[in-house]
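Once you scroll down, you'll see the structures, which are given as structure tokens.
Next come two complexes, and both contain chain A; in the first it sits with chain B, in the second with chain C.
Entry: the complex of A and B
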């Protein structure tokens, strides 16, 4: 009886992972399919869609290729990277400073700040997206990289805050007292003791921000201008225009990159906690 | 003027950048949106600065039929979105709850590997994960091809652009949100209590109902809320997999902003959505807190 139950549970777990990974693996496999008309009917193995994306010449006829979007694609990637870089730096500074303030000082508004930083994470994206759109248009800020960076920072700050707070909570405050007792100034204590100790949290928060910023679709969709489309928004509009083999190739490359970043992040974290 | 101590100065230095930033760019826009929902839509997509409650009337039913029409469809769409979100919550829970137990019993190396696999989609692009489902569900997609080559069907099924497709898509992208809180509550179960229940003669089912489930309830509740809220307000999944057939409240809001250009009404719809969401979540939270024993 118990054994049957355990087998059933394992089977269920296996199904769960198939559900989770089969669609994505299928997408990756079919990005090497040479059929230009129906991307899901297998013809031959080919790298052509990848070569096409990088502007290489392939055996494909011109009409089946989708090369004209390559420049737009690279432009979108550039916007995404620019936005993510700025948004990560700003939100890391903001989130870390609030986390340190809340963990190391006692003041009346603690509860207010905790709630304030929780709201962006539990609010539907679309609400923040339209609120920011109304705001930027009302104030007269042109929609573009700046508005996207600001928009991303409003919710990324919360993620950094959360990660750094967790790190601070696991830290022994006596170490800082010891540093002060040994005659270090407050700034020295912060720079030489506190900061190195919370650094893994700060880096983890920054990495998380970068990934979320690169992936954000909904908020960016509302506040990106005509000439500042980010990669996810660009891909969504591409998908809406129809399924093309190049999308599979782009998608596969993006999946590989995100797996690499996530693995690096987790490796980095586990290494830091060991030492 | 009162002079600050050095502690207060540091605190001020640490807090003021984030306070200013979030005050201006987060609370400010939300407040403006709330104000907008009470303004009159201008003729050509702008806004007139008059107090105007008919926006709410259109949704909630006090329109006079002259200035603004009341249309029950908005409430229907809100309820349908809530229904789809609820089904999404139940399906993700049905997936994640048993799997959490399965993984919690593994050896620690396998355990961390499995959790890594479940958390990984969170780090990869949502739009691409949805695109994978378009490839599977569309008329000439993978599912139809398999079914046709097996001879089960002769004509492709309409799998895309249905409520089912939207639910599949939402379950797929929200699974990590449910799994992680549920798993952490399962992982923190005290095996001694389960042993005690068994020793006292409880059947496995009673042990589950009276001991295991109540103890994992906090994780279940937070998982449900974490899935319900983004599912209710979602507009990307219905836009990609629901088409014109499955319109959710998020699509309605998007249309008001980017197509109909009636911003005050769009703001109203999203205010109604937020209030509804808060009501549902608070009812749920209060119930879960009041009687954790009765499940």
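Entry: the complex of A and C
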């Protein structure tokens, strides 16, 4: 009886992971499908979609691909990377500072500030997107890379704050007292003790920000200008013209990069300070 | 280290008050008017139960807490205005608080590194400090690779490397096992003598305080109950609290029946006890204290009657050299005595007479035992 139950449980576990990952695996598989008309009918194995994306010559007919030129795709990628880089640096600095301030100093309305910092993460993207659009138009900021960076920072700061706060909460505050006791000024203590100890959290938060920024569609959709399309927005606009296998190839590449960055993030977050 | 004349008022704490508001909204008086003078070469111990304000006092001297009111002077200058990193005192924390990301050499050298001491001198002083605490050759290891006792030594080396004028130690030995603790007690005492600086040592362990200190400050609920040498605190406790906290003691409340000349007779719930007369008058309420080791057990036929208490033995426990006797007096009160093991062979239920020297009783006026000893 016990044995049967264990088998059922293992089966359920397997089904659960199939449910989670089958769509993604299918997407990867079909990115190598040579059928240009119907994405879901397997014809032959081919690298053509990848080659085509990078501007190589293939046996594909012209109208079977969306991307008129690789330049467009690369331009969108460049915007995405630029935005992600700036937004990550800014929100990592802001998120880390505010996490340290809230963890180490006592002041009025502390709990309230903490809640304020969490709200952007739970706020519906569409609300934040529209709000930012109205704000930028109202204030007179031209939509473009700058507006996207500012927009991304509003919610990325929250993620960094969350990750770094968790790290700070696990740190013995007496260690900082010991540093001060031995003659270190507040800045020296931060540089030599606090920062090295929370660094895994800071790096983890930065990597998380980078992925979220690269991935964001809804908010970016509202605040990106005509000449500043990010990769997700670009892909979205392609799909309006029908789903073609090429999209699978782009998605697969994004997936690989995301998984790499996420793994690095998890590695840094869980890393022991003294290893 | 220095040949200077020790100054008796090196650290001066004047009317120090500090209260905390508890999460439930109540008030805790962590320091309730502390006055204290400490000499520049003294090993002084703050002794008291958990929560009596010991850590708070250390934190205020180190600069991690502020005072509500009061003043703290070190070598004549007020400490309270300087931030922690500018105070010439260093701390050994209860949990050691070593820097987990730095190796032992960098932990110990931290104070010199932030002060910008040149590398050559720095390395030499690190080696010296580690040698002083008996822990050479571990510079490259991480704190997590050391045992509790070794971490304790690192914390000590780290704290003395800046050559502070005063070392604050917050229950530094409480996490160590018994044997190691005994060893470290001696080493700490030697280190203090060697450095010739003031150690302000915190413990809740009365035995530790008695072994190590030049003087002991007994704290209770933010107040100084008694300040004195280990001998004074043990043999002449200033209050019932001190008596109960320090060592085991028999404490009886009674009424003076008759006093005259050298001795007084006190009625303790029906049992009569003779003690020295400290200008007592008939009818006064007093508390009488006697350490268990001050009772003697005589064979029944040798008792001279007046200076003995009759009691029934309930239990006899062998504790090494001595037997601890748990007895009950005729009036029902418990009584404890330490008796040489050679006199054993006693059985529970046996009636005993325990003799005492009347002058050994410590008399505190008032039934509650608060007040000053005579």
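Rule of thumb we're sticking to: the second predicted complex is superposed on the first by the 258 of 275 C-alpha atoms of A that agree within 3 Å, B and C clash if a C-alpha of one lies under 4 Å from a C-alpha of the other, contacts with A are read in each partner's own complex, and residues count from 1 in each chain.
Heads up, the rule we're going with is that a residue touches a chain if its C-beta (ideal position, glycine included) is under 8 Å from a C-beta of that chain, and two chains touch if they have at least 3 such contacts.
Remember, predicted model here, so these are calculated numbers, not experimental data.
**Q** For the overlay on chain A, clash or fit between chain B and chain C?
**A** Fit - chain B and chain C, as placed by superposing on chain A, sit side by side.
**Q** So after the superposition, what angle do chain B and chain C open up at chain A's Cα centre, nearest 10 degrees?
**A** After superposition on chain A, the angle is 90 degrees.
**Q** Please indicate which partner A:215 is in contact with in the superposed arrangement: first for chain B, second for chain C, both, or neither.
**A** It touches chain B, and chain C stays clear.
**Q** According to the stated criteria, A:185 is in contact with first (chain B), second (chain C), both, or neither; which is it?
**A** A:185 sits against chain C, while chain B stays out of touch.
**Q** Return first, second, both or neither, reflecting whether A:23 touches chain B, chain C, both chains, or no partner chain.
**A** first
**Q** Considering only the touch criterion stated at the top, classify A:164 as touching first (chain B), second (chain C), both, or neither.
**A** Once the two structures are laid over each other on A, A:164 reaches no partner at all.
**Q** Could you figure out whether chain B or chain C reaches more residues of chain A?
**A** Between chain B and chain C, B touches the greater number of residues in chain A.
**Q** So if I take every C-alpha atom in chain B and every one in chain C after superposing, what is the smallest distance between them in Å?
**A** 9
**Q** Identify the residues of chain A that lie in both the chain B contact region and the chain C contact region.
**A** none
**Q** Under the definition above, what is the set of chain C residues touching chain A in their complex?
**A** 62-64, 83-86, 89-91, 93, 95, 97-101, 110-111, 113-115, 142-144, 158-159, 162
**Q** Which residues, counting only chain B, touch chain A once they are in their complex?
**A** Going through chain B, the ones touching chain A are 6-7, 10-11, 14-15, 17-18, 21-22, 25-30, 32-33, 36, 95, 98-99, 101-103, 114, 116-121, 123-129, 131-136, 138, 140-142, 145, 172, 175, 225-226, 229-230, 232-236, 239-240, 250, 253-254, 257-258, 263, 266-267, 270, 273-274, 277.
**Q** So in the complex, which bits of chain A are touching chain B?
**A** Of all residues in chain A, those touching chain B are 9-10, 12-13, 16-17, 19-21, 23-24, 26-27, 30, 38-41, 90, 93-95, 97-98, 100-101, 105, 107, 113, 116-117, 119-120, 122-128, 130-135, 138, 150-151, 153-154, 157, 186, 211, 214-215, 217-218, 222, 232, 235-236, 239-240, 243, 247-248, 251, 254-255, 258-259, 261-262, 265-266.
**Q** Flag every residue of chain A that touches chain C in the complex, lowest number first.
**A** 172, 174-175, 177-185, 188, 192-193, 196-197, 273-274
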